[in-house]
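In what follows, chain A forms one complex with chain B and a second complex with chain C.
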Partner chain A sequence: MATRQKTSAPAAGGAAAQPQTVRDAVVVGGNRIPFSRAGKKYADASNQEMFTAALEGLVARFGLQGERLGEVVGGAVLKHSRDFNLIRESVLGSSLSPATPAFDLQQACATGLEATINVANKIRLGQIESGVAGGSDTVSDAPIAVSEGLRRALLEAQHAKTWQARAKALAALRPGDLKPLTPATDEPRTGLSMGEHQAITTARWGIAREAQDEIALASHQHLAAAWDAGFFDDLVTPFRGLTRDDNLRADTSIEKLASLKPVFGRSLETPPTMTAGNSTPLTDGASTVLLGSREWAESHDLPVLARFVDAETAAVDFVHGHEGLLMAPVHAVPRLLARNGLTLDDIDFFEIHEAFASTVLTTLAAWEDVDYGKNELGLSGAFGTVDRAKINVNGSSLAAGHPFAATGGRIVATAAKLVAQRAAETGRPARALISVCAAGGLGATAVVESV
Partner chain B sequence: MTDRYTQAVNSGFTKTLAKKLGLPRPAILRRYRAGDPLTVGPVLVVADGASKADADALAQALLAWDVDVRRQPTDDVRWGAVLLVVTEAAHPTDLAEPVLAVGSVLRSLAPNGRVLTVSRAPVDGDSPALAATRNGVDGFLRSLAKELRGGATGNGVVLTDGAAVDAPSTLATVRFFLSAKSAYVDGQLLRVGPAGPAGTDLTTDRPLAGKVAVVTGAARGIGAAIAKTLARDGATVVCVDVPAAGEGLSRTANDVGGTALQLDVTADDAGERILAHARERHGALDIVVHNAGILRDKLLANMNPGQWESVVAVNLAAQLRINESLLAAGLEGLHIVSLASTSGIAGNKGQSNYAFSKAGVIGHTRATAPLLAAQGGTANAVAPGFIETDMTSSIPFATREVARRLPTLAQGGKPVDVAEAIAFLASPAAAGVNGQVLRVCGQHMVGQ
Partner chain C sequence: MTAEPLRTGDGTALRVETQPSLPGLGGLYARGAAASGRIAAGRALPGLPVIGAGRSPSDTDHDGGPLTLPDVAYRVAGVSTAGLGRHLHEYQRLLHEPVSDVLPAGYLHVLAFPLATAVMVRGDFPLPLLGMVHLHNAVELRGPVRLGDALEVRAWAENLRPHRRGVQVDLVAEIRRDGGDPAERPVWRGVSTYLAKGFSLPDAPAADDEPRAEWHLPLPTGRWALGPGTGRAYGAVSGDRNPIHLSALSAKAFGFPRAIAHGMYTAARALADVGHQRGDAYRWTVEFAKPVLLPGTVDLAVTQEEDGFEYVGWNGRRRQKHFSGTVTPL
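On to the complex of A and B.
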C-alpha cells in the first residue's frame, strides 16, 4: 500500500508552510497487566498505579527509558476527579522522559481504541513520531460521590460569607442526603443498565441462550490456549503477583455455562438468556500500545507488527430510535471497509469486543440480514457473513474480562500480533478488523494490516 | 537481609562489648564506588631474588595507575596491599625471605587491605622442586587468607602458559583482586593465561562500554545486581526472566536502561530468541550471564522426579542448549559466565539435585572454554557461597547465623559481590581467564 500521498500542494509565492503529507502509523507492540475481577488482586490499586505499571512494562520491553515520546494518550471511564491528568501523572511516574506530553480522553468502552486512533492520526500527519495509546479502569477503586443535596449544601456553605448563612445552608440537609452515591453504568437517558439494553437487542434478534454460551466457552478456550502457547509472553507484564487474567476459566464447559441463571432481560416477554457466564464481569486492569512512524521504529531498532490502516466511529439513536445500544459498530464497519476498498472476505481476523456474547451474535445477525442491510445500513442487501473461525481467535472480553478503557489496547495489541504472525507464516498480507461497542450508543472500529 | 550482628559489633556500645568479650567481629567490607582509590593505602611489592624483574614490571604497572608503590617494608605505614611475586622461584627455600617480609607487615595491614600472590602454575615436566615451590603457594595463600582480619583478603594470581606479569589479563586480575570489587572474594587462586587485548585501559570506570549483555534470571536478587553492575560498567543489558517474573524484570530493565525479554530459558528456542533479540534490538551479543537457577531441596530418598528434573532443566540443561546456539552463531569475543555454587564444589545435604546441576555447570564451563577461545571468547563460572538474598533470608535463623559466620570473613556476601566478579570475567581485559571457577564465598571453609 502507498505510504505517502500529498494532501495539499505548496502555494505559489513561497509564503506557505511546508506541504503536509500522510504517512503510515505502525503498531510496534503492546503491554498490559493481567486483568483481574473487581475486588480481587487489584482491589486497592488505583488507575494511576495500574496504568503506570502497564506503561513501565512497555518501556522495559522496548527500552524506552528516558525517551521523549510524541504523546501518551489514554483514559479511564470510572475516574476520580483528582485524576484529571491521569495519563500525564502516569507518565511522570514512569521511566519515560518527563518531557513526554500526555492527555486524557474518554469514549466509554471505546476509550482505548479511540486513544489508538488519535495517536495513529497524529503520527500519520507527521505531528508526532511516536506515541502510546491505552487506558485503565478500576471498578474496585471507583470514585464514590456524595448526593446532589449534600453537594449543593457543601458548595453553598463554602460560598457563604457569614456563619449564619453557612448554618442555614447546612441546615437544609436531610438524612437521605448523607447516603453516598456509587458510580452507575446505567444509561443516563433511559435508566436502563447496559445489560438490560442488550437484552432487548438480543430478544429482537432472537439470539438463543445456547449460541451465547458457545461464544463464552470459545472465548475461555481460545484465551487459555493463547496463554499456554506463550502468545502473551510479550504482551503482558504481571502486576501485584497476578500473572494471568484471573477471570479466565480454562476448565469451564457448556454444561457449567448452561447451569447459570439469567440476570438480564427478566422483565421482557421472551425468556431471558443473558447470564453472568455470557456477559463480561466487572474488571480492573490497564493496557498500552506503542505506535510510531516506520522511520521512528527503524531508527530505534524496534519491530513493527502492523500498520494502522484506518478507523471509523459511529453512533446510534437508542433513546428515541429503535436501534440497540451496542449496535453502533455494525454501522461503522461497512463504512470503514468501503472507504478502504475492502470487504469482509479481505479480513483474516475479526476482533469483536465481547461486551456480551450476544453483542457478537447480534452484530453478525444484523450484517447477515437483507432488510437491515437495505434499511439501516443503506446497502443494496445484506452486508455479509463472517467466518466464525476468524472471530476472537485468541479469546476476548468474556474470558479476559473488560476493564472498560483498557479493552481497546488489549485488542489492538492482540490484533497487531495476530496479523504479524499470520503474515510470517503465509508470506501474504493479513488484516484484522477491530470492533468495540460503547455506552451512549457509540462504537469505534479499525483495521490493522501486516507490514 | 540485614546482618544485624555485623552492624552491632562495628558500632557504639555493642562494639566495645564485643571487643571486651572477644566475640568474632566481622568487618564492614569496603565496596566499589566510582572515584574511590584502588587500595586503602600504599602497596608493598616483595619478591624472591629470581622474580625481581617481574616484581619491577608489576610495580611499574601499579605506578601507572597512580598507586603509591613501595619496595621495602617500613613501620610507619598502614599498608593497603602486599604483593608477593614468586613467579621465578625455583626451590622451596627461595620463598622464606619474601614470605617472612610479608609476615612482617601483616600487623600494619589496613582494614580492607589485600595480600596478593603472583606465581606460576605447575605444569607437566616441572622438576619436583619447581613443582613443590609452585604448588606450595596454594597452601600458603589459603592459610594466610584465614589469618587476615578487618575485612582484609588474600588471593592469588596463578599464571599459566607463560603469561607475562604485565600482560593485560594478568594486570586486570591483579587490579580486580586489589580493588574493592573483590570484597567477598577471599582465599582464591585464579589461573590467568596469556590471551588478552593489548592496550586496554584498565583504569576506566566503564570497561564494558559498547557491549551488549544478556542476564538470565534478572528479575531480582543476584540477577538484578548483575544487570545493574554490567550496566554501571557501560553494557547495554537484555534482562531475561520467566514471564511470571515480569513485574520484577521490567523494574530491573528500567533501572538499568535495558530491555526486558520475558522468556523461559528451558524453551527449546531460548538460545535463538535471545540471540535474535540482542542482534535485532541492540546489534550485537558480547556477554551472556547464565544466572537463572532454582532450588528444590530434598534428601535424595524423598526426592520426586519433578524435583530432580526441574532443577537440572533450569540450572544445567538450559545453559547447555543456549550455549549450543551461541556457539553455532560463531560470535566473536563472546564472554559466557555461568553461576555455579559452592554446593557444587563441596556438596550440601539435601541438595543432590542442585549440586549435580552446579557441578555440571563447572564441567561444561571447562569444556566450552576452548571452543570459545578460538574466537577470542571465554567461558567461566562464578561460585557464590552464602549471599544475602530473599532466598537465604528464608533459611531458619540458627542455620543462617552459622552459615554466615563460617567463612573467614564471618559474614554473608551481597549480590553485588557476585556481580562484580561476573563483570570482571565478562570484561575484554579478562580474556586470559578462561575455563575458570571463581568462588565468591568469603573463603567458606568447605571445599577448595
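On to the complex of A and C.
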C-alpha cells in the first residue's frame, strides 16, 4: 500500500525512484583448493593464504585479472580477531581490482552457502553485476585465546592509570589462568560437542551403525569416482603440493569402516554408532564460487552452469532437546520447495552436507515420518521420500572433509556443475537441492537449476 | 533485641533475635568446626548426654533436651544490595546466568546462607555443622529482586525428624523487601534440608525406606565439564568454603576421594540452564544424590513438562544420578 501511494502521489515528494525487478543470478563456476586433514599439508597455512589461493585460482580460470567485481563475500568459522577483514585482505592480495568491495560474514558451517545467498540476492536485486562467495577454515592454524582470567587481568592492567593498580590487576592472576583456551566445537549453551548432539539425534531416530557406514563408504566411492572422471579438474586448484582431497580413502571398505570404535554417544543408554569413519574429520581448506547476472556472464564471454533459484534458512530449538542440533535444514527444505512450487520429485540431485553420516539419515527419516511431518513441519503428513541414488552422487564431506566455511562453496559449485551436465545430457532442465546444517541449531538450504 | 514472635511450619513459636548485619561465613565455619568437635566428643564419651541414644522422652524432657532446636529466629534488616553489582555479576558468570541486575534465586540463597549457618553454629544447635549432608533444597521466588533493593533476611531451624540414616532438619530462610509488611509472604523463601548421619531420635518411628525406583538414563540436553577449581570458584563467590569443596586433600579428611562440587552450584547451574522461560517468579527444587567429584563431567537433561521444567544430572560413565529437581513458574 505504502509503495503504491508513493508512486501514485508525486505531489508528496517528487518522482519516485524506478522500481526494481528481480532478475536471475547465475553460477559461472567455482574454485577451491583440495581439502586437507588438519595438521597435514596446510598445517601452517592461514585462512587468508588459503582463501587468497582459492580466489586467485578462480580469477585465473575466468580471466578476471584487474576486474572490478561487485562484491566478494565470505568468512571463516574459526577466525582470529586480527582477520576482521579476512575477505577484503584476500581481495587486496589477489589480482582482482583493488576497487572490488568485500565483506566477512559467518553462519557457522553454513557460512559458504549464506555468502552465496548474499551475493545471489545482490545480483538478483540489480545491486551488483558479479560477485564471489566462499569461505575458508583452518583447524591447524586455529586462533588460541587466553583464559578469561588472564584476559580480564590484562585488560584491567591496560586500563590502570598507575603502576600500582597495574601490579594489583596482574597479582590477581592464578596459575590456572595461564592455560590457553583452544577453540572447541562444543555448543556454548549445552556444553555438548556437535558429535554428542548428533549422537543423541541418532539415538532418537534409531539410526543403525551399518546404515551410517554405508553412507560413508558411498561418499568415498563417489568422490573417488568423480576425481577419476575429471569432474573436479575445473573446480580445484592444487595448493601446497596437494592435488586431491587427502581425506579421501578410495580403497576403504565396509569391513574397515565396521572395525572402527565408536567415538560419540558412548555414555548414552543405547549402543554408540558414530565412529571417526562415519563422522567428518577436522579439515583445512578454502572455496570460492563466481556468480553474476546473465548479462554480465555473456558480456564477459563466460559460461553459465546454473541459475541460483532461491534459498531458505531455518533454526531449531535444540537447547532442551526438543529438536536435534543439526535438524534445521529438515525444516527449511519443505518451506523452500513449497515457495517455489516444487516437490522432492522435482529434484534431480540432493546435496546433503555430511556433517555425519547420520545427519543425512536422520534428515531422510524425519522427512519420511508422518507424525513428524504433521507435528514439527506443519504438513498434512510425511514430507516425502528421497531416492537414495540422487544423494551426494559425487561424494560429500565424509570423503572430502569439511573445512567449516569452505563447505558451502564446494557444494554450490558441485551442484551447479551437476545440473549443467545433466541438462546437457538429457536436454531437459535439472535441479539440485543443497542442504547444510550448522552449529547453533542453524541450517541453510538452496535450489540451483540448469539454464 | 527481641521482636514479635515467629511461628515455624509446625506452629512452634520462636523468639526473633535481630542481628546488626549478616555474619561472615569464615568465622562461622571456625565456630562450626569447634561445635562439631564438641558434639562428636559428646557422643563418644560415655556418661555425657548422648543425643537420642536409647533415652526415653521423659529423660529428654528432664534434661531440657539436646534434641530440641534453638527456639530462635535470626533477623537482619536493612540489608543493602546496592553495592553488590560486581559480586552479583561474578556469580552470574560463574553459574552461566545472564548478567543482569536481577538477583537469581540461587544468589539470594548465597545472600541468606550465612544467617542460616549462624543458627547452625549456635551452642544449643544439636547437630554438627561439619559433616552434615545437604539432602534437598526448595526455593520459592515470588517476584524479581533487583540490585539496589533493601532486604530483610530471617533464618531459623525447624522440623527435626528421623531419616533412615540419621536425623534431618530444615533450615528455613526468608527474604522480604525491607520495610514491607512482615505478615506478607516473603519474596524469597528457601528450605534447606540437612542430614546428620548416625544420630537418632528417641522413639522415632522407623523412617520410610524410600523405594529405589528403576532409573533409565535420559538423553542428555547438556554436559558440564567441571574443572578441579569448580569448588574453589563457587566457594569464593558464595562464601561457602567448606573444606570438602576446596581441594582433594581437605576433602579426603572428610572421607571423600576428591573435592566435591557444592550441591547448590549444580542446582543453580541447572536453574540457569532452564533460561528465561522460568520467568520472574518460580519454585525451584533440588534433591541431591551422589556427590559430583571434581574434576568431573556431569550429563544433564532439562525437560519441559506441562507446568514447568524437570532436570536431572548424572555421571554418564558410571550411570549414577547426582541430582534431580524442578523449576516451576509461579
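What we mean here is this: the second predicted complex is superposed on the first by the 436 of 451 C-alpha atoms of A that agree within 3 Å, B and C clash if a C-alpha of one lies under 4 Å from a C-alpha of the other, contacts with A are read in each partner's own complex, and residues count from 1 in each chain.
Here is the rule we use: contacts are C-beta pairs under 8 Å (C-beta built on N, C-alpha and C of every residue); 3 or more make two chains touch, one makes a residue touch a chain.
Model, not experiment: these values are computed from the prediction.
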Check: Based on the superposition on chain A, does the combination of chain B and chain C result in a clash or a fit?
Finding: fit
Notebook entry, point to check: So, does A:381 touch the first partner chain B, the second partner chain C, both, or neither?
Noted result: neither
Check: In the superposed arrangement, which partner chain does A:203 touch: chain B (first), chain C (second), both, or neither?
Finding: second
Notebook entry, point to check: So, does A:192 touch the first partner chain B, the second partner chain C, both, or neither?
Noted result: second
Next item on the list: Name the contact category of A:271: first (chain B only), second (chain C only), both, or neither.
Entry: neither
Notebook entry, point to check: Which of the two partners, first being chain B and second being chain C, lies in contact with A:39: first, second, both, or neither?
Noted result: neither
Note to self: Applying the document's definition of touch, where does A:176 land relative to chain B and chain C: first, second, both, or neither?
What the structure shows: second
Note to self: So in the superposed three-chain picture, is A:243 touching just chain B, just chain C, both, or none of them (first/second/both/neither)?
What the structure shows: first
Note to self: Counting residues of chain A touched by each partner, does chain B or chain C come out ahead?
What the structure shows: B
Item checked: Touched partner set for A:56, first chain B, second chain C, both or neither -> first
Notebook entry, point to check: With the two structures placed on a shared chain A, what shortest C-alpha distance in Å links chain B and chain C?
Noted result: 44
Margin query: Residue numbers of chain C touching chain A in their complex, please.
Written below: 216-217, 219-225, 227, 229, 275, 299, 301-304, 309, 316-317
Note to self: Under the definition above, what is the set of chain A residues touching chain B in their complex?
What the structure shows: 53, 56-57, 59-63, 65-66, 95, 230, 232-234, 236-241, 243, 301-303
Check: Quick one: in the complex, what on chain B touches chain A?
Finding: 239, 243-247, 249-251, 253-254, 257-260, 262-263, 280-283
Checklist line | chain C partner contacts - residues on chain A that touch it in the complex | finding: 176, 189-192, 196, 200, 203-204, 266-269, 319-322
